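Just passing along the structure, written as structure tokens.
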Amino acid sequence: MKTTEIKKVADVELKNPILVEGFPGLGMVGSIATKYLVKQLKTKKLALLHSPYFPYHVIVNKKGSARLLRGEFYYWKNETGENDLIFLVGDSQPQTIEGQFEVANSILDFAEKKKVKTVVTIGGYRNEVEETPNVVAVATNPVLYENALKSKALPSEAGTPIVGTAGLLLGLAKFRNLDAVCLLGETRGYLPDPKTAKHVLEILKELLNIDADLDGLDEEIERSKEILGRMRDIEKRRVKYMQKMRRVEEERITYIS
Amino acid sequence: MKTTEIKKVADVELKNPILVEGFPGLGMVGSIATKYLVKQLKTKKLALLHSPYFPYHVIVNKKGSARLLRGEFYYWKNETGENDLIFLVGDSQPQTIEGQFEVANSILDFAEKKKVKTVVTIGGYRNEVEETPNVVAVATNPVLYENALKSKALPSEAGTPIVGTAGLLLGLAKFRNLDAVCLLGETRGYLPDPKTAKHVLEILKELLNIDADLDGLDEEIERSKEILGRMRDIEKRRVKYMQKMRRVEEERITYIS
Amino acid sequence: MKTTEIKKVADVELKNPILVEGFPGLGMVGSIATKYLVKQLKTKKLALLHSPYFPYHVIVNKKGSARLLRGEFYYWKNETGENDLIFLVGDSQPQTIEGQFEVANSILDFAEKKKVKTVVTIGGYRNEVEETPNVVAVATNPVLYENALKSKALPSEAGTPIVGTAGLLLGLAKFRNLDAVCLLGETRGYLPDPKTAKHVLEILKELLNIDADLDGLDEEIERSKEILGRMRDIEKRRVKYMQKMRRVEEERITYIS
Amino acid sequence: MKTTEIKKVADVELKNPILVEGFPGLGMVGSIATKYLVKQLKTKKLALLHSPYFPYHVIVNKKGSARLLRGEFYYWKNETGENDLIFLVGDSQPQTIEGQFEVANSILDFAEKKKVKTVVTIGGYRNEVEETPNVVAVATNPVLYENALKSKALPSEAGTPIVGTAGLLLGLAKFRNLDAVCLLGETRGYLPDPKTAKHVLEILKELLNIDADLDGLDEEIERSKEILGRMRDIEKRRVKYMQKMRRVEEERITYIS
């Protein structure tokens, strides 16, 4: 393997397939959302992506075996709708600029071979989240953009950069005259965020007109709330301590000067 | 897109064209100056430059669409003078050493195809600016250098490095036996500096013997003055605070020892 | 040399050879273990690996000569058993991601040319070591994994990353349908650790069914104990000093507030 | 220019030429020594080396012109001795690992085309220098090594790494079966060190059996002594200040606890 390689695992004909990508990123939003659908929809493995631009280590699994970091394509036959789906999940973002471009180009080469016309990428954007996290849409095509807004995504602000594979696929898809839309869920970003992932999936379901039970994410959401609660307690104590220290320091200055 | 690609958008014959480059850099001097002329002269789009060496994100625009970072070439038909102009503006400097060289070489390949014989690059150099910012010239050719000085650019000091695309185009142009001149405006550099950009443009107008109203920059200059004023207030308060702290510290040392 | 090159030094037929790799890494476990066997078994030089991805310096030897950093392959004719052995030792890990993948691929290309079917890699993993350091196994093949466990290696925990050449060879071997097993010795990791290396070798001897006297490592183990003892004394004093400082600081705060 | 390029400037036959390299490095020892000989021996320009691995800026000269960073080859016809000389000086070390290897390989390709059989590289090694700086030799060939020691170079210690072009040329020359010797002058390294450069040249003169007046370096040595003197004063004051601060701090701790 000298360059990025995609090896197919299954040989299937897909009906007007749409590619849905969710590599790890801010709050793991894309990763959590895509992996959930891969399980929930009982998808099947389609292909594996290996690349010398993934970090140079292997991951050990439960059976004492190890494998390279990789991307995994899964397919889902849509019995009732117009578009079969291809999902892409992965262990890591490609490293280095060259790697980012090479991997994104390889993904689109593969997608075009599979006759994909539309690409959906999922990611997060950093923000202080109120009760319900917002989801914004960006698209290379006005019709797709309108559809995303109709599915209750919010319009995105001009100027926001979308970093990494989710962004590059969008930009490179446009460059190749493919349609692409990116759904970005609002997240604090420093912890895996299943809640935001669920909100993105609600919009994705409408956008792609598919049916999938999202309740399976609720347990994960509960767990992440607990972790967040504990981290906030730690943070509060830290802030309090810092304030005390500053007060002490100020008093000393006042006292001495 | 595996390497830098330039796709032409318009198919025009240009008359002894001169290339004027202004990628983002110190004080955004080149960028502001070149983008201003692109608008003011009502230029038309000539070509787009994409490269895997630009940062791996996309930029979202006002209509919710997104695109890769890129360079844009514009052309201007010079009705009265000898030379048509090609402008090159961009979103970013290429990243990595390899990227800098590859993009600069691609630009010159394209320029040579368009029969460009002379290249003008615009940038900034860091200095404490007095009332009127200086503009210095560097050129690969004595005649061009003389012309720049006649247009009231100042001679540059030996030894100054010119970093990035503005410098590399100069060096690589010389390497290819193209003429090139670089105009560098003096700037503090930590904020966009339309005032310096205006001064560069005044010299550029004389050098290229073109006519362009520069008053449109004045509003931007006013705005940047206000920002600068506010930043200076903050800085003054910071310095004052630091001085106080140092005094307190010194007194304490005196007191204890 | 523009890419990684392996030059053979000896021309031998090897009987079902197994490759044993030990590049420098955590606690130098792989390096110490492999180099010890290279000497102890009176192996002979088989080939040299040079690469533009090793650090760009040369090493001076005792005779005032210098050479590039490199990898060295040695072979050992197994008179009584089924498998001859090839050992790979080296001066350094390859630098950069690209380098890691290129060198690992070159090693496997060479191994396959030599008809290697099984690869053993040796490394360390960071842990606070009790009296006897543990050795865990990871393998690409269940039979090999079972054999490693029978040889008293412990099962590894899922999720552990194995970084660098030891890990990549494992992952890339699997990718090429070669069998591979990695033995990782527990080590504090900040000093060369011959004790852990010895424990790894005890397991390796059983796994490969070879006979080698390991007592030669005991002197090195004694020396490293002394160094460790001295470093612990320094550390203890440092901790004590830090505690005193913190106490002082706390008292001051109590005193002032 | 996509890769390193060497363009010849003069077309000469050289008699058993020896290449003497001195790129910038520790204390600028190699650079100062080689550039001095280039002037002193009235050498002529032979070729220019350009590379996309030099830093991406240009250097402005006294006439307001600019050029890329580069390497320069000069030749010297040795009227009385056996070997003509080729000197290589440069503005910078190549950047990145790949660059280091590519440039060193290009230099040796060129040298071999010119029928060079022996390469001399010059550099510095960091040490606290007594009155007279030592010069050590490292060579790929025992005869050359002996000659260097006879010319009063000292034997080098095993294990020292020689970093950068001076080292890589040595290692890659050996790899190509060329003879090579490296002379390393002892230097504090943080300032240009003409004194050490002069000592290296004294040994180089004997080694190559050439005659060159080295007194021209004395003025530069005087200037560097003054700078060093001033820097030492600053350093002394800094140390004194630090000691005072530490004393104050300790007293405070004693006082409070």
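Every chain is named by a letter (A, B, C and D) in the order it is written, and numbering of its residues begins at 1.
By our rule, contacts are C-beta pairs under 8 Å (C-beta built on N, C-alpha and C of every residue); 3 or more make two chains touch, one makes a residue touch a chain.
Keep in mind that what you see is a predicted model, and the values were worked out from it rather than measured.
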Same or different: do the copies subunit A and subunit C touch each other through matching residue numbers, with over half of them shared?
different
Angle of rotation relating subunit B to subunit D [CA atoms, steps of 5 degrees]:
90
Rounded to a whole Å, what is the gap between the Cα centroids of subunit A and subunit B?
36
Provide the C-alpha centroid distance between subunit B and subunit C, rounded to the nearest whole angstrom.
51
One finds touching chains in the pairs A-B, A-C, B-D, C-D
Enumerate the contact residues on subunit D facing subunit C in the complex.
97-98, 100-102, 104-105, 137-142, 145, 149, 155-164, 167-168, 170-172, 174-175, 182, 253, 256-257
Flag every residue of subunit A that touches subunit C in the complex, lowest number first.
1-2, 50, 52-53, 55-68, 95-96, 99, 244-245, 247-248, 251-252, 255
